[in-house]
Amino acid sequence: MLPDWIGPQDLAALWLTLKLAAVTTVVLLILGTPLALWLARTRSRFKLAVESVVALPLVLPPTVLGFYMLMLLGSQGPIQALGGPGLAFTFTGLVIGSVFYSLPFVVQPLQNAFASIGAGTMEAAACLRAGPWDRFFTVVLPLSQRGFLTAITLGFAHTVGEFGVVLMIGGNIPGETQVISIAIYDHVEAVDYASAHVLSGLLLGLSFLMLFSLYAINGRLKMVLP
Amino acid sequence: AELRVAVAANFNATLERLAEAYGPTHEVAFSISSGSSGKHFAQIRQGAPFDLFFSADDRRSADLVASGHAVADSRFVYAEGLLALWSPDPERIPEDAVAFLNKTDAPRIAIANPRVAPYGAAAEAVMASYGITPDPGRLVTGQSIGQAFNFVTTGNTEVGFVALSQLITHERQYGPGSRWIPAAESYPPIVQEAVLLRAARDRQGARAFLDWVRESEAARAIIQSDGYRLPSPAANRDHRDR
Amino acid sequence: MTIQLKFDLVRPDFRLTVDVEVPAHGVTALFGRSGCGKTTLLRCVAGLEPAVQGRLTVNGACWQDEARFLPAHRRPVGYVFQEGQLFPHLSVLGNLMYGYRRIAQDRRIVQPHDVAELLGLEALLERRITEISGGQRQRVAMGRALLTSPRILLMDEPLAALDEISKAEILPYFERLHEDLSVPVLYVSHAIEEVSRLADHMLFMEDGVIRAEGPLRELITRADLPLVHGEQASAVLIGNALSHLDDEHLSCIHLPGGMLYVPRIREPTGGVLRVRVLARDVSVARQPPLPSSILNCVECTIKEIIDDPHPGHCLLKLQLGDQYLLSRITQRSRRQLELALGDRVWASVKGVALT
Amino acid sequence: MTIQLKFDLVRPDFRLTVDVEVPAHGVTALFGRSGCGKTTLLRCVAGLEPAVQGRLTVNGACWQDEARFLPAHRRPVGYVFQEGQLFPHLSVLGNLMYGYRRIAQDRRIVQPHDVAELLGLEALLERRITEISGGQRQRVAMGRALLTSPRILLMDEPLAALDEISKAEILPYFERLHEDLSVPVLYVSHAIEEVSRLADHMLFMEDGVIRAEGPLRELITRADLPLVHGEQASAVLIGNALSHLDDEHLSCIHLPGGMLYVPRIREPTGGVLRVRVLARDVSVARQPPLPSSILNCVECTIKEIIDDPHPGHCLLKLQLGDQYLLSRITQRSRRQLELALGDRVWASVKGVALT
Amino acid sequence: MLPDWIGPQDLAALWLTLKLAAVTTVVLLILGTPLALWLARTRSRFKLAVESVVALPLVLPPTVLGFYMLMLLGSQGPIQALGGPGLAFTFTGLVIGSVFYSLPFVVQPLQNAFASIGAGTMEAAACLRAGPWDRFFTVVLPLSQRGFLTAITLGFAHTVGEFGVVLMIGGNIPGETQVISIAIYDHVEAVDYASAHVLSGLLLGLSFLMLFSLYAINGRLKMVLP
């Protein structure tokens, strides 16, 4: 029922993209949350340096960043030198690259959200017998809802769209590392504009639906912080 | 006067050498924009301010002529790309490369994306005519021939089908690796065409440079030394009439 | 059993140095001017000032010493913060239940339903915290702390935003709470009438140190403390409920040295109880008074004559048995009645004023 | 000149309906139980409830009617919020000066230096708002509002977190402020003693409506309002400062129907002044009393006998000239003295209790 | 004094990049601030849709986005058809493309920052005679400091690094629309790794210094919240 321009390969790419974006977002949250918590609370003198380093990958063009990651992951790179696996051209490699590149989009909104939770609120929770984890889940999380929403939106959307890094360390293997963005890009490069339009439209439509639902759910949860 | 040239990424370095040779004596300054030909094609159709276009193939140039964005009689083949299987490791590629690639434990092979890059299409053709059939998971595709080359130099794939011009540049700096050069007949020629764009149709300097590249010994020597094959002027004439 | 407080906390421009023991039952009032360190002391007890040096033992259990610092969430305190600190993301009910849920079932002594009713919050349970009034917020903060069934209550001006009627409803509950459950309370309040009604013990703070400390009824009559100088200066007497005049809704309290009628109280005959007598409610005369609406009249000895900040007034500290009464009179009366140390006088106290 | 307040605001579970005029000078107390709508009313006056319907005129200037709604920042109000609302990004000084800087130079009547001194904030000016105590924060909030030299002051329990001494220092300043500058004040407080000291006029609210409204001294003696039932029930008398007894630091006040000695006041001879007399400070007798430390004794008529929530007590409303006194006595005394409506009695008031 | 690998063209590209990033960031703040304010305050039913649309450009690969913008701005595009100026291949065009692509990185952190300012604080300012603009500059701005820092960091860094859009609309014309990221990419493509390394190092070093100073200044301003 799909128009001719979209082949099964494109659908595989779409599926892979969603999987990659989802996994990346989850990993980003898992890594970004403690990092953001640390940055929001610490008075360490390394804070400034860490903050800067987190934002740094952004200034390199994704393909160049991908190139350096290739050097890192390649046979002459430190990872394989230390007996690690060859991660280039694997899904895991894609996740690593995307995580690295999208980290600031997750860390910064979370850090802001965490920093704006009043010390008094946390103290109140502690005095009501909530331990650190408990406080995190019952106070920090709900009060950082908007920060998480932003982190998820930016992290997910950016992983869907960004392909410089993925292109570089993915090797464009159909079904394994070929994502939808590369597929669309190919169509444009190959002057197959019709397919590019259709795929772009499909991606935009899907993404709009996802974003819309995400914001709608958030609106329902009715954040209270005025 | 300044000549604005859009050039396929794989020919960028060579064009710079050509410009260096030509510019000072003819008092022409060059502004060179390197990129993928697909991108340049779209940009030229949207009015990009280029005078000359050195495409990576002969399709875009033909299309631009057809759509009136380029001057028909200016089209010519400035180089034919040559393909090589290459590894930076001098020991890696054996005499019998075909058997090596067909072994069950053969390494991953980097190629350029056949859908967009002529070198990729050529690599596919070579494999087909030699009966090389790697399973799809071992074929790693770079978006451009430059990326395919990067896969090899960084050691993420041990070998790759790259442009001869690339490995010449690389070996000049880092020393020889190992290579296998398939027969030119085993793949359709990687014809790279240049064309004069409409905006510059009346600029003598632009036409003069194109003529220089096509005719002069100096230019042909530079192109050849960078690992391209040169078409005979006759072939070029035929080609233009096609 | 006692609570041993030994703290040293240094801040720019402020230092808290406290070393004191207070009884681990009843209400201990923390009294002192704004900025003297009352809140800071409570925070140290709750474990919210990790920088504090010292030692804290509650009923024998050590919460802090050189080696140990029990984190705040392990301390069974109920803390009513001076500024609410309600959770903005939870409803009134959510706030109330937050601590309750974290208490083991068999330790839950205080029940949500009772607290909500007592504090008049039943109709508000579903409201968001931004949609209730200031006094309502204060009541939620109080309920939330109570519902952790704490083993010590820290209350920082819990009734400041409440009207008299709400106060009158809530105060007896506190009295019962600390009596029935014998939960000790550290109570910060500027309202001396609240304090002298509730508190047994008092810490008087000044600039981060404890200026004076002891049973409330000693401190509030001490001439060297500013407590005797306020409009609310008062004395607290301990006596036995001797008998009840039920038809007149009065009780008669027996004191060593006299007898006082007070509004009918619940205490059974013979129970020990406390009566607060404001200095301004006590007048003195040389003879026993004629019949008037003043029911109470006891004979005392003038032990001390204290100057008042108001130059036209003075305070008499009157001995009644082994206890003291305060009486604020004008200098004019003092001269007219020719009062001097050691004189026997008749002190009249309106019964209605006693609580 | 008056302030005309006509508001209708609907919230889920709450509705404010007010239509009242209060004098545009002096202090108008807003009194009522927690949650009755006091804060909401102040917010309407300040322009912070855009959804409110109605009409607001201050001294003839219309701030709101059907056609117009003057935005909050155009209204010359000084609002002391119930919950501080200090700027967390500014120092104490920054908070104090925020409004001051926005007032045209020639309209700045209140000066920063005076306010900081009065409120005891001089040593804290550089502090961050999170580094001061609760009472200190409340004082900053007050200072900040005063420094806009407002033409009407809205104060929502401004003294709740302050100790007696600070209160005693700050209250006279308010009195001067509203007298000298004739800035009308809408004053929310649960402390009836504060209110009856400061306020001339009173709005008594219940569930979003004005239950009663009028001069303070009428309202606080009205038998149908709960004000007469509290411990702090009192009456306010207006009199002239007749003479001063300087060596005894007393002043003598002439009332139609009697004379009262009070602690020396500043008012010049002949000025009009107000005396607050607590019901519990007034005792009655059939005969004039014998000499005692009770200086004041006036003859009155029993106008009303009011039941008290405490069954052992009752309230007498005593007429003294054209004014009223309240006296709280026990039912026992009432029976013993056989008091009845219309009787003439001698009411004794301790002079020291008067303020 | 510069090593051979860096030509004057690279320096021109570096300069152009900084100029582009700076201009883009300024434009982003000018456009993003009112948009974020509106989103933080509104109860309009369009809010959800607008939020989603702002984040949408992210999901398209930059080159593809650039391709569509090229079609929009180019000589065959609707803008020029309607008599508008030719914006493709000009600095202005680059700014437009970058702004469009980086908008969510600016709007979302600002929106979060604005949303977390308590209504009470704003009311207090109003009662102290601060009009809407005054409130914005003296209350909203300082209390959103961290949000602005994030917006500026992400907006600036992303514009420095991202080149898909710029490549497409700009045409990689040296000295005019060639930015440093494209220059590095070209070096990598041309197997001129030495130049790529030097330029990347230079870019990273510069960016680290900038980010570090930015965070240090922010630390100095000593945000108070909470």
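Each chain carries a letter (A, B, C, D and E) given by its place in the written order, and its residues are counted from 1.
As a convention for this text, a residue touches a chain if its C-beta (ideal position, glycine included) is under 8 Å from a C-beta of that chain, and two chains touch if they have at least 3 such contacts.
A quick note: this is a predicted structure, and the numbers were derived from the prediction, not measured.
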Message = Show me the overlap between the contact partners of chain C and those of chain D.
response = none
Note = Relative to chain A, largest Cα-centroid distance belongs to chain D
Key: Rounded Å distance between chain B and chain D, as computed from the means of their C-alpha atoms   = 91
Distance between the centres, which are taken as Cα means, of chain E and chain C, whole angstrom = 60
Query = When the centre of a chain is set as the mean of its C-alpha atoms, what distance in Å lies between chain A and chain E?
reply = 19
Query = Taking each chain's centre as the mean of its CA atoms, how far is chain A from chain C in angstrom?
reply = 57
Note = Multi-partner residues in chain E (2 or more other chains touched) are 63, 67, 118, 120, 188, 223, 225-226
Query = Where in chain C do residues touch two or more other chains at once?
reply = 83
Residues within chain B bordering two or more other chains = 39, 42, 147, 150
Request  = Chain pairs that touch, all of them, please.
outcome  = A-B, A-C, A-E, B-E, C-D, D-E
Ask   = Considering the complex alone, what residue numbers of chain C touch chain A?
value = 46-48, 71-79, 81, 83, 85-89, 98-99, 102-103, 128-130, 144-145, 148
Note = Interface with chain B, chain E side, in the complex: residues 63, 67, 70-71, 73-77, 80, 86, 88-89, 167-168, 171-176, 178, 186, 188-193
Request  = Name, in rising order, each residue of chain B that touches chain A in their complex.
outcome  = 36, 38-39, 41-42, 60, 63, 108, 110, 113, 115-116, 136-137, 139-143, 147, 150-151, 154-158
Key: Of all residues in chain B, those that touch chain E in their complex   = 4, 6, 9, 12-13, 31-35, 39-40, 42-43, 45-50, 144, 146-147, 149-150, 153, 166, 169-170
Query = Tell me, which parts of chain A touch chain E in their complex?
reply = 47-49, 51-53, 55-65, 67-68, 104-105, 108-109, 111-113, 115-120, 146-147, 150, 153-154, 157-158, 160-164, 181-182, 184-185, 188, 196, 200, 203-204, 207-208, 211-212, 215-216, 219, 223, 225-226
